[in-house]
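Each of the next two complexes has subunit A plus one more chain, namely subunit B in the first and subunit C in the second.
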Partner chain A sequence: MNRSSSWAHEAIAVFAKDWLLELRTRVALGAVVLFAVTSVVASGFALAPPSGVPAEVKAALLWVVIFFAAVAGLSRVFVVEEETRTADALRLAVSSTGVFAGKLAFNAVLMWTLCAITVPLYLLLLEAPLRNASLLVIVVLLGSTALACATTAVGAIVAKATMRGALFGVLSFPVALPPLLVVIHATKAAWLSDNAWRVAAGDLQVLSGFMLVIVPASVLVFEHIWSE
Partner chain B sequence: MKWQIVLRRVGKVFDERTVLRDISATITAPGAWVISGPNGSGKSTLLRIIAGLLTPTEGEVLYLYNGERLTARQQRQAVGMVAPDMALYRPLTALENLRFFARARGLSLRDSELLEWLEKVQLRPRAHDPVATFSTGMVQRLKLLTALLHRPPVLLLDEPGSNLDEAGARFIYQTVKEHAGHGIVVIATNDTRELGYGEPLIQLGA
Partner chain C sequence: MNRTVQILTGIWVAGVTVAAFLWLPPAEGFRSPEAARIVVFHVPCAMLTFVAFLVNAVYSWKYLRSRDPLTDSKANAAAELGMLFAILATVTGSLFAMEQWGSAWNWDPRETSIVMLMLVYAAYFVLRGAVEEKSKRARLSAAYALLAFPAMVFLIWILPRIVESLHPTNTLFSRSGLDPKYRITLWSFFAGLLAVFVWMFRLRLRVEIAEARLRRQHRRDTMPEATPAGETR
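Entry: the complex of A and B
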C-alpha cells in the first residue's frame, strides 16, 4: 500500500467523487441547464424579432442568464456536504485546500458545460452578431471560470451559516458584479468591434486578475470556516 | 511509548452554554480508553475535539509521536473515526465510497484489495449496491471500514455498537481488541457492554 496525499491528489479525488454523485443524482446539472435553456428560449420568443435588440442588451442578457443559472446550482457544492452529514468524514480525509480546489474544479467544469449548451443556443435564437469567434470563446471560458470562482468562494463562506440563501445573495452581489460587468463588455467587443482583441484586452486582464485574487483569498478564509 | 494524545484543560462553550470544562487527560498507546457519561454530558463533543473536528474554546489537544508534536495534517492522517452523525455518500455504492476515501487519503488500493476489505465485514456481496439501500447496521460496518482503511494509529468510536446486531457487536469488539494491541482506541459510550471494552478515561457529568 502506497500513500502519497497532497492537496492536488485530494482535489482530484473530491472532483471525481462530486461528478460521480452528480451523474447519479443530476441535481446541479439539471437545475443549471434547465434554468438556462428555459431563460434563453423564453428570451428568444419574447424579443422576436431579435434584430431590433441592441448588442449591449443581448450581451447583458446572456450573462445574466448564465449567472443566475450558476447561482441555482453552483452554490450548493459545500452546503450539500453539510445537509447530507458527509462533511465530517470529508474533513477527516481531506485538507481544506483539497476540498476547495476539488469543489472549484467541479463548479468550473459545470459552468463550461452550461456555457457549451447556452451560448450556441443563445447565438442561434437571438441572432447575436459575431465578428470575432475566437475572442468570444476566450471571453466565455474566462468569464465562466471567473463566475465559478466567485460562486464557489461565496458558497464556501456561507456553507455553515444558518441563513444561507439570504447571505449568498448579499455576498454574491459585490463578489460577482465586477467580473460580470467586465465579461459583458468583452462579449460586446467580440460581437461588434473590428479591433475586438484590443478593446477586450483590458477586460481579459481584469478577469484573470480577479481569479488570481479571489482563489487564494478564498482558500485562506475557507481553511478557518471549514475547520469549525 | 510512541503515540500519545494529551488533553490540557479542554473546555467548550456553545453560544453561552458550557458543555465541557477543564478536561485534562493523557491517552497513551497501546490501549483502549472509554469516555462515559449520561446523554448530553458532552461525550460526542469531546470526541470531536480529540478528532480535530471542533476547536476547544479553552485548552488544547496535542498529538505526540515519540514526544514530537504532530502538525494538523499529520494529526488528521493519524485519526480514524466512526460517529452516528458522520454519514457516507448514500447515492454511491459501498465500493465507490471506499474508493473515494482511499484516493482522498492518498492510498493506492486496487478494487480487488477494497473488495477484500468489504469481505471482512460481510459486505462483499453488496459491494456494487448504493449505500442508500443498506440497513443501518450495514452502514455502521462500512463506516468502520472507511475509518480503518488508512490504518490509523488512533481510532475514535462514538457509540460504535448502536444499530448493530450480535455479529456486528462482536466485530466491533474484535476490532477494538486488535487495534488496542498496537494503537489507541477511544470509545464514547453509555452502553454497559461497551464500557468494558477499555480502561475508564473520563466520566463526564459525574
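Entry: the complex of A and C
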C-alpha cells in the first residue's frame, strides 16, 4: 500500500471510531447543540420582531452563537483520548497525519450537524430576511468547515494543557477570527444584497484560501503536538 | 552588542527624535499639522510589532526542529517585545486618531488587527502559563505560534486591503506616498528602534540564562547529596 492511501485509510478508521464513540455517549453533540439551541432561543426571545434589530447585528450574532457552541465541543475529540488514556495506543497504531485528518473530518461533520440545526432555527425564530438561500447554504458550509479547520489543531494543544475548557476558547479565538469576520460579511450579503453572489465572491475566495493555508500548517505542527 | 554600539544607538535614537521636532516641517493638510509628526514614531512601532511576530514564528519553527531550550527562550523574548511594541503602536495611534479623526478608537481595520495581534500574544502567554513541564510548554507554544501566524498574516496584510480603511495604504514603499523628509525620519527612527529591539532581546536572553543558572545553583545548594537520576532509594 502506498503512503498516501495508507493515511487516508487510517483517517477513515479514526473518523469511524470517533463517531461510534460519540454516538454511544453523545457528549460533544449534546454540549454543542444544547449550547446553540439555548442561545438561539434566548436571543430569539429578546430580539424577535418588532424589536427592530438590524440584519447586520443578526448576522454577527448568528456566528457568535455558532463559534461559542463550537468552542464547547470541538476540543472533545482530543480531550477524550487523554482522559481515557488511549492516546498512546492511537499513537502506536496510526500515523500523525492519519489521526489529524480523521479528527478534522470528525470536527467538520460535528460543525455541519451544529449548523444544520442552528441556522434554520435561527432564521425561524429571529425572522432574518433571506434574499439568497443557495448562497447562504454555501457560506454556512464553507464557514463551518473553515472553523473546524482553524480549531482542530488548537484542540490538540489544549488537550495536553491544564484548564482545558477555558484555554480552548482563548486560544482558538485569534485563529478562528479571520474566517469569522469574512463569513459574517458574506452572511449579511446573502440576507440583504440583491447581487449577493458578486458581493460575497471575495469572501468565499478568502475563506477557501484560508483553509488552503491553515490545514497544511496544522498538519505540519500537529506532528510535533501529537508525538510525546 | 558592545558598549560603542549601545552608545551610538542611544545618540542615534535621541538625534532622530530631536530632528522629528526641529528639522521635520509640520504636515500640512492634516487637521493638526504639528501633531502629525507622531507618524514617524507610530509607524516604526507597528512595523517592529510585525518584525517581532516574524522572529517569534521563525524561532518557534526552529525550536520544533532542534528542541533546544534556548531557542524557545528566544521565541518567548520576541513575543514579549512584540507585545510591548504593539502597545506602543496602539497608544501613539490612538493619540493621533484623537487629533485627526476625532476619536481615539474607530474600529478601523488596522486598529482591529493590532488588537487581535495583542490577543494572539496574550493567548500565547496564557498557554505558556498553563503548561507546567518545560519541554512540553516549549513544544505546545511553538506549535500555537505557528498556527496563529497565517491568521495574523491575514489580519495584517489582507484585511486592511479588502475593507475600507481610514489608514492610507502603500505609503511606505511608493514614491508618491510620503514627503521625502518624513520618509527619511521614519526609516531612521525604524533603524534606531530595530537596534533597541535587538539590544532588549539580548538583555532578555541574558536574564533568562542567568535565571536558569541560579536555579541549578539553588538545587545544588539545597540538596548537596542529590543522587543521580535512577538511583533513588
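One rule holds in what follows: the second predicted complex is superposed on the first by the 215 of 228 C-alpha atoms of A that agree within 3 Å, B and C clash if a C-alpha of one lies under 4 Å from a C-alpha of the other, contacts with A are read in each partner's own complex, and residues count from 1 in each chain.
Keep this in mind: a residue touches a chain if its C-beta (ideal position, glycine included) is under 8 Å from a C-beta of that chain, and two chains touch if they have at least 3 such contacts.
Predicted, not measured: the structure shown is a model, and the values here were computed from it.
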### Message
By the touch definition at the top of the document, which applies to A:24: first (subunit B), second (subunit C), both, or neither?
### Response
first
#### Entry: Touching partner for A:140 - first (subunit B), second (subunit C), both, neither
neither
### Task
Name the contact category of A:157: first (subunit B only), second (subunit C only), both, or neither.
second
### Message
Between subunit B and subunit C, whom does A:14 touch in the aligned arrangement: first, second, both, or neither?
### Response
first
### Task
Kindly classify A:177 by the partners it touches after superposition: subunit B alone (first), subunit C alone (second), both, or neither?
second
### Task
Would you sort A:84 into first (subunit B), second (subunit C), both or neither based on which partner it touches?
first
### Task
Once the structures are superposed on A, label A:206 by its partner contacts, choosing first (subunit B), second (subunit C), both or neither.
second
### Task
Under the touch definition given earlier, write down the residues of subunit A that touch subunit C in their complex.
150, 153-154, 157, 160-163, 167, 170-171, 173-175, 177-178, 181, 202, 206, 210, 213-214, 217-218, 220-222, 224-225
### Query
Which positions of subunit B touch subunit A when the two form their complex?
48, 51-55, 73, 76-77, 79-81, 83, 85-92, 96, 100-101, 103-109, 113, 130, 146, 150-151
### Task
Spell out the residues on subunit C that touch subunit A in their complex, using ranges where they run on.
64, 116, 119-120, 122-123, 126-127, 130-132, 136, 139-140, 142-144, 146-152, 154-155, 158-159, 162
### Partner subunit B, residues of subunit A touching it in the complex
1-6, 9-10, 12-14, 16-17, 20-21, 24-25, 84-86, 88-95, 98, 227-228
